[in-house]
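Both complexes shown next keep subunit A, but they swap its partner, so subunit B is in the first and subunit C is in the second.
And now, the complex of A and B:
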């Protein structure tokens, strides 16, 4: 990253209003905002709906393109676009995951995945879009395979966590799945060929709490060269920056970590090039104190070559920001 | 209860009899309790064993039934079922065949039942089937059930 050692500022680009209850999550459409396609964003809420927002290319302002309602019967907790941008998965407390297809600007629910016994907490597509992972309060993680004709088949039901599974996330390049749970562990799942998924590593930090950010690393090159599984190890903890629960963290393409917390603030961190410490260390470059009127539930960087960030809050709004260096 | 003092011998004194009395009562009471405990424990264990055996058999039977129907459907029209679903059904069949029903203390039983349950949920989800083993004992007040 071009290092800018000076100050940064967070510019509020627009506040998106419309949801009638807290907004839990936002997701940028990865196929939009490039090659002339207007940028697109999805947000999901306690009001049981999902809103799709689009940026008007000429005026650059955002408007609500669609409201996906009358499908989920309870809070929609998580939403994620497939890598192609053609499908949107939405996970709800009603125990189902809905799959929506973008048909020329209209969104249609093309499939409903049932199986979880209760609230679905998180949904995530793998890098190629061939698999979808879901997890929930029933302590299980489900892996679904995408088949032609928007058919979905359950490839595996993973048990192992002893409490609520809050979030699942795929590795950006390998088909390795990460899940984190109220049981204070992160589990890493990999496939041993032919639907045989199992837990290859469990990360647990005895003194973890919800006021710190932890960074882990592995030798990716070695893993991808097929030398077998290389375990992840904890390399850094960012503590002392948050005094209320951190709800969301996201890494930008340039390596800027954004965090959203219960104190209504958004913070940004970059690796500090001190070199004096063993392993990477991070410093806070900006804290936007009153980013929202209430808890910030989710922060997400845009996929493009820019520094746009979307945030979702208990205050019922979504905000679009731009992180700009102050010259 | 004999309160006459024991005959004196080397190492005993006039208090020995009282102390031995307490000891004798302790031992008698212990033996009594042990006898009753064994009998009650055995009966309770029998009830638990019957109940668990019933529930296990019922669950295995339920999966047997499902797998039987699915197996027939697959044989009737294999093209309508994906390779994955067919394989999962075969896996369930193998687990059911291999389940050590006559050896409840075989340590594999927990793992095998867990595996069956997960495969069952996965197949149901893939087929869009809403099946549930409601079980004879669920929702029934345990006091009313006796074997």
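And now, the complex of A and C:
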């Protein structure tokens, strides 16, 4: 489909340099960038460190506020802020997950979660911040309960995937966990009261490749009303837009999907109100071809009312962008 | 370490004569020569097989023709043929190819490594591993694996094998 890129433009706000190896992930602090609190971003890298960046409110420019080093002994693959913005979880190939606390601008490692047998590949907090999920090459997903005093207790170890688990993500409002695996399936996990977590659905696609985006849907109103679990179903595939691996996708509050891929580009998609097909369809509104000098590993929309996006790349940089309509 | 070699008696081929590039009469010092098939092959031909004292060229694991390069699009695909169908060294060889190119080519390059179709029992599985950036990155943080790769990549000392 032709992109109507006359209507949108991606402005590069700033390039954040400092990491000495590829940057794998970025995460916006959800409690920052509002109510006078300067915006804050974390990035993690193959250089074994995590960098925290902050925006200077008067000049609007970003600077590196802290380098979290001397903790992880291998690549830091994933980072995620707790919903309160007070804690940062970092998952590393060294098989540990570190928990950092923001103590008046200084970041202190307050806990180290051990248990995975090898590389941790993804970390994610649930909506309330009461649970943290981690996953890794050992094929397992761990759910950790957050206790007072920055204590973490393993609530459950979820087995089921037959190969590495590459990513975990909680549902934005319900305590339902999604895990994606090298075994080409996505598993959905839920609890039936009393810490009993089990797999409630497995999404498998025979034609899985890493050049397409798939959209799934459920009746969440029905699920939240307590009518039991409503299965997710596949409703749309975006194909033909990427010819190299898609590493990251993220949905903005307005429904704009951003993708970061191995062709150094960032693409944006919105639902097309075509009406001629059954179910939703999407069109590409912009492709920024040379967003970075190397693969884009992560794209993340900021939490605010604006259209700011952060991206992380193999080129060792993080970039802040603004998607602006061109009149 | 494997006590028994997977392929104890590999077929060894003669090394291809190395073409000497002729220097153009008018040399533009600032011109960058596009990377071509031969240049890629030159980076890879002397990589040692992990099991035998021969190069990948001598064992015909890689050939010049099995290299597809498009310099203007910064793309290269290398297809390699393990010496036997059940070669468990296939992933190591693939990793060696990837590491050598990573160290030799400009960072703008996109590299695909694959096994020659039909030449290996678990072709799809090996190709998937070799092209999974995250798995490759994690593997290259394993010192034992890195040592193995570095040994294959080390220039031979010129003494007859």
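Rule of thumb we're sticking to: the second predicted complex is superposed on the first by the 321 of 327 C-alpha atoms of A that agree within 3 Å, B and C clash if a C-alpha of one lies under 4 Å from a C-alpha of the other, contacts with A are read in each partner's own complex, and residues count from 1 in each chain.
One rule holds for everything that comes next: contacts are C-beta pairs under 8 Å (C-beta built on N, C-alpha and C of every residue); 3 or more make two chains touch, one makes a residue touch a chain.
This structure is a prediction, so every number in the text was calculated from the model and none was measured.
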**Study point:** Superposed partners subunit B and subunit C on subunit A - clash or fit
**Key:** fit
**Study point:** Partner chain in contact with A:93 - subunit B first, subunit C second, else both or neither
**Key:** second
Check your understanding: Does the superposition put A:227 against subunit B (first), subunit C (second), both, or neither?
Key -> neither
Check your understanding: So, does A:262 touch the first partner subunit B, the second partner subunit C, both, or neither?
Key -> second
Review point. Touching A:69 in the superposition: subunit B (first), subunit C (second), both, neither?
Key: neither
Practice item. Tell me which partner A:217 touches in the superposition: subunit B (first), subunit C (second), both or neither. Key: neither
Check your understanding: Thinking of the overlay built on chain A, is A:17 touched by subunit B (first), by subunit C (second), by both, or by neither?
Key -> neither
Check your understanding: Which touches a greater number of subunit A residues, subunit B or subunit C?
Key -> C
Exercise for review: Rounded to the nearest Å, state the minimum C-alpha distance from subunit B to subunit C in the superposed three-chain model.
Suggested key: 13
Check your understanding: Considering the complex alone, what residue numbers of subunit B touch subunit A?
Key -> 82, 84-85, 87, 114, 118, 121-126, 128, 130
Revision key, fill the gap. Subunit A partner, complex, touching residues on subunit C are 107-108, 110, 128, 132-135, 137-138, 141
Practice item. In the complex, go through subunit A and note every residue touching subunit B. Key: 113-115, 142, 145, 147, 153-157, 159, 195
Review point. Which subunit A residues qualify as touching subunit C in the complex?
Key: 22, 46, 74-75, 77, 93, 119, 121, 137, 164, 166, 182, 244-245, 262-263, 293-295, 314-315
